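In what follows, chain A forms one complex with chain B and a second complex with chain C.
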Partner chain A sequence: MSVKSIISRCDALFEDLDFHCVREWKQAHPGALAIGYMPIYVPRELIHAAGILPVGILGGGDRLEVIHGDAYYQSYICRIPRSTIELAVTGRLDCLDGMLFPSICDVIRNLSGMWQIKFPGKYVRYFDVPQNYESDIGGQYYINELQVLRDDLGRLAGRPIPDADIRASTAAYNENRRVIAGLYQYRAAKPWQVPTAELYLLLRAGLVLPVEEHTRLLGEYLAATDAEPRPVRDNCRVVVTGMFCEQPPLGLIKSIEMAGCYIVDDDFMLVARWLLDEVPLEGDPLQNLSEAFLKRSAESAAKFVARREDKGRFLIDSVRHNRAEGVVFAAPSFCDPALLERPMLQRALNREGIPYTAFKYAENSGQMQPIREQAGTFADSIKLWSE
Partner chain B sequence: MNATVLNPRDAQKDASMQLQKDMIARNYDALATAHEMGKKVSSTFVPGNLNELLMCFDLVRNLPEVNSLQSAMRKKTGAYIMEAERSGHSEDVCTYVKSDLGMMAKGNIGPTGKPLPKPDVLVLSYTGCFTFMKWFELVRDQYGCETVMLHVPYQADGRITGNMRNYVVHQLKANVIPTLERVSGVRFDIDRLREYLRESARAEEDLVWVLQSARNRPSPIDAYFGGVYYCGPIFSAFRGSKEASEYYRLLRGEVGERLAGGRGPVTPEGDMAEERFRLVVEGPPNWTSFREFWKMFYDEGAVVVASSYTKVGGVYDFGFRHDPDHPLESLADYCLGCYTNRSLPMRTNMMCTYMDEYQADGFLVNSIKSCNSFAAGELLMLREIEERTGKPAAFIETDLVDPRYFSPANVKNRLESYFQMIAQKRTRAAA
Partner chain C sequence: MALVTAGIDIGTGAVKAVLMRHDGDVHDWLARRVERIRRRDPLVLAREIYAALLVEQRIPGGDIAYVATTGDGENVPFRTGHFYSMTTHARGAVFLAPGIVAVLDVGALHGRAISIDLRGKVLSYKMTSQCASGSGQFLENIARYLGVAMEEVGELSLKSDNPEKVSSICAVLAETDVINMVSRQISTPNILKGIHLSMADRLVKLLKSIKAASGRVMLTGGLAADIGLVAAMREQIAEQKAGVDVISHPDSIYAGALGAALWGEFRYRKLAQLEQLAKAV
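What follows is the complex of A and B.
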């Protein structure tokens, strides 16, 4: 398959706000269920092991007209919950048999309760994760929570989930993570070969496709893009951060690149990159997932950093590792986690002499010109200083 | 919640009011001189505060939220917030945080004009609000002081599970207590904790009696504007102390007298005349124009008979008491049970119960721009409660400590039309 055809497939999945592919999957698997989840992290391995399709829900983007959703939210709350409610009340999420709301912020947390009130027949779970990262404290708590989720999913699926199935699913997601990590490495090495708008669409596809199919698709893309050399531009290399929940319009990602920046790392769709290493397959599968979560997972604003000196380290490491020349902070308007985090990260970057720029967006932002100009000025200033 | 700023019935101060004023002043004095006196200082948040535990280590207790609201009442927060925004904080985020950071940037002079010390330990009891975590990360970033996290899981399914309780207790034992021992140099004595918890339970008993006095007609208290005073000591640096128990004993006596005399609540302009509307209010108050805001209610004869904000630092009216026989477990249950740590269906049920038990005429949401923890989902709550109780509901928007978001004309208009609507509904029902 060519790059074009792969990306146009991903684009179609991205554009499809009615989740036809989920409906088709369910038709092809009579009796099987699908469960939605919001950013930033849920252990999809358990859902998969129950034979249930995990479906990532990231709001309605700039393609959805929000009519009902605004009646649920004050103007000073971000957009993703209102467009997610819109998707639900307009029947677009009817194909989902339940929803998981990860522990990311008060808005998503409260949305889990709204879901309980609005959709009493559906399975709803707020998936709490520990902020204590010690195995015998946070780990023990987390393993018990994983067990509750496992039991719930087993009940929904009509069969208990054996360890062996969790191991098999963990292997499937290990493989997916491995290929995604490869794709990120490849982009960092040759960003002109993997425009971030393409990478973004590829990752989005992973939110609705079965993991095995997604892994295959990624592999095909890598081979296809490597076989189609593209022109190298004199862009500067940046890491973008802050886009872990409400999504930027695709046009915004394109604008950053068109303005002269190669994005060499990002925090899109963290669910797919949350666990940083392979999760071991031997031993207790829940304990393995727990240890991976506690000891080797990505950092985001939703996570407590226990030591002051470690704050910002993850971002700085990414800058160094990916040989980035600067950081673009792009946060959704009214996003407390991302916006409160930002000054601390900026101070950490200041200490390291890493330049940055910052702006806000909404999932339905229409005007890209100011962002393009800002990113362009930033790229120019980096080039100027590096000369 | 300081009587020096807003002082109902200035001329004839109730004994409880004077006591609270003295307690608060003493605590600010203690903070100002703590390091000079060789004392260590803790900072912690109102929801899920571990005051009894902190007292076991002789720590002087600072509560940044209380500083913010006190500063707001003294009209200082506008400048603090601007200062924080100038130094790079977004206009979109919680203004409590910005007010605190702005105050620090401007020399960290507390609301009473005395300096606030650098905390020796930040006790990040992470209950009911994600912003707390960022807030203390930001303070730690500035001061570099020791931070200990107590992660309190959310009651998403409307109950406290054994796993949640064990997790909290485990953190108390393995992290919080050893850190406090190390920072303070004082060994933990569980019997001392039990004694404080016994005092807490006494005070809680009296507080609940006071809050529930609003079930009477007329209500002898306003459970929102007055309620924030009544909750002051128990939500802040005093829960577990003898002076807090004394405060609540006095308060109960005073409210009992009002009740016996058939008197309504005390307002800044004296006793409220006629009780015309009984309301349940969801959401924090506005502090920058607190007095003006309150006047919009009592001028119309509107009394708040129950509120969610007076449960933000602990929910006691459904039976929970700190329990000296199960000290750590009961601290865990306390943290887990704070209002904003409860799921939206729980909060909705609570408000419906209040509507019923306090015979309210209406439900009002004061939605706070800053506070996602309260605000996200309030519009759905409002519709649900209206539907379930058949009583009219209304919605206003203000902010806690950012004066830019208090628009008196708008709020007043809305309230007036709301009161008219309740009156009309009542007339129709009587016809």
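What follows is the complex of A and C.
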């Protein structure tokens, strides 16, 4: 397959707000269920092990007109919960048999409550994760949470989920994470070969496709793009951060790159990159998932960092590791986690002498010229005036 | 080692391109060309102009060390890199008139005052608001209503003996003003001078907003060649006690393309240095 045809397929999946591919999957697997989840992270291994299709729900983007959703939230709340509830009340999510709401912020927690009231027949769970990273405290708590989820999913699927199935699913997701990590490494080495708009669409496809199919697709893309050399531009290398929940319009990602920046790392679709290493397949599978979460997981605004001096280390390591020349903070308007974290991260960057620029967006932002100007002048300042 | 770079500036009204030869600190113009867009595809036009310059100079495309774009040139497929207009206008203006303290870029769509240091580094800037009444496109529309070629506008404006004031806030109101003036048989030079003064009034306010209070200010962009506007600017500077001296240059229109070519050379050498450093490590 060519890059064009792969990206065209991913784009069609991205544009489809009626989730036809989920409906088709359910038709092809009579009796099978699909469960939605919101950012940032849920253990998809458990859903997969139950024979259920995990479906990532990231709001309605810039293609959905929010009519009902605004009635549920005040004007000072971000847009993703409005467009998500709009998707639901307009029947677009009726292919889902349940929803998981990870603990990312109060707004998403409230959304889980609304879901319980609005859709009493569906499985709804507010999936809490530990903010204590000691194995015998947070770890024990998290294993209990995983066990509750495992039992719930088993009941929905009509059969208990054996350890062997969780190990098999963990192996499938290990492979998916390995290929995604390879794709990120490839992009950091040759960013002109993997425009971030393409990488973004590839990752979005992974939110609706079965994991095995997604892994194959990623492999095909890597081979296809490597076989199609593209022109190298004199762009500066940046890490983009803050886009882990409400999604930017695709045009915004394109605008940053068009403005003269190569994005060499980002925090898109963290669910697929949250666990940094391969999860061991031997031993207790829940304990393995828990230890991976506690000891080797990514960072975001929704994760507690115990030691003040460690705040920002993950971002700085990414800058260094990916040879980035600056950081672009792009956060959704009214996103408390991202916007409250920003000054702490900026302080850490200041200490390291890493330049940055910052702006806000909404998932339906339409005017890209100011962002192009800002990202472009930032790129110029790095290319022309940095030491 | 001498090298050649290209600068391509895609503006709202015209595409400008230059080729420059660089040998150490010596930067020479090889060729330049400007063409009005006139409903053509700017990207196609940019490619045509660039190809024509290469043919004219008998330089193969592969010998160009860096093709730098600016303005709306982010999508030019054969570019090596893109720089933003403020950055390139500042650099181009400093090349044309060393020692300037600010640049006033007046193009087809808007006006922009840019405060710079002696190296051409942008310190701050202010743009005209979205209204088109301070722009070249507005002046071009008026010239068309009056049946005057753009090239004649400046000379005619200088012949004014009693300029008629127009609205400086809104292009639509200003155009209505002009229609009324024509029906009142106000002379073309007086109408044009009135428009120049109205534009100059806004541009001088822009200069004051970036705190340019002394020294020379270089006019760039398509309207830099309009001697009527330059004269009106000087009058407004005196009237508003702005304290600066506004200058233009016969090649002001190329400032963006020129700046892009110069920055292209800078980046080419910097990237080569970085590559050598990486090899050494």
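We take it that the second predicted complex is superposed on the first by the 385 of 387 C-alpha atoms of A that agree within 3 Å, B and C clash if a C-alpha of one lies under 4 Å from a C-alpha of the other, contacts with A are read in each partner's own complex, and residues count from 1 in each chain.
One rule holds in what follows: a contact is a pair of C-beta atoms (placed from the backbone, for glycine too) under 8 Å apart; a residue touches a chain by one contact, two chains touch by 3 or more.
Quick caveat, the model's predicted, so the values are computed rather than measured.
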Joint occupancy of chain A by chain B and chain C, clash or fit:
fit
Which partner chains sit in contact with A:237 here, chain B, chain C, both or neither? Use first/second/both/neither.
neither
On the A-aligned overlay, A:187 touches which partner chain: chain B = first, chain C = second, or both, or neither?
neither
First, second, both or neither for A:385, with chain B first and chain C second:
second
Report for A:258: first if it touches chain B alone, second if chain C alone, otherwise both or neither.
second
Quick one: chain B or chain C, who's touching more of chain A?
B
Partner chain in contact with A:377 - chain B first, chain C second, else both or neither
second
For A:126, using the defined touch cut-off, is the partner it touches chain B, chain C, both, or neither? Pick first, second, both or neither.
first
In the superposed arrangement the C-alpha centres of chain B and chain C open, at the centre of chain A, an angle in degrees to the nearest 10 of 100
Using the touch definition from the top, say if A:111 reaches chain B (first), chain C (second), both or neither.
first
Quote the smallest CA-to-CA distance from chain B to chain C in the superposed model, rounded to whole Å.
19
Chain A positions touched by chain B in one structure and by chain C in the second:
none
For chain C, which residues are in contact with chain A within the complex?
66, 74-75, 77-84, 86-87, 121-122, 263, 266-267, 270-271
Chain B - residues contacting chain A, complex:
87-90, 92-94, 97, 124, 126, 129-131, 133-135, 137-138, 140-141, 144, 147, 149, 151, 153-154, 156-157, 163-164, 166-167, 170-171, 174-175, 340, 343-348, 367, 369, 372-373, 375-380, 384, 397
State the interface residues of chain A toward chain C in the complex, per the touch definition above.
231, 233-235, 258-260, 372-373, 376-377, 380, 383-385
In the complex of these two chains, what residues of chain A are touching chain B?
71-74, 76-77, 81, 101, 103-107, 109-114, 116-118, 125-126, 128, 130-132, 134, 136-138, 140-141, 144-145, 148, 301-302, 304-306, 308, 311, 331, 333-337, 339-344, 346-347, 360
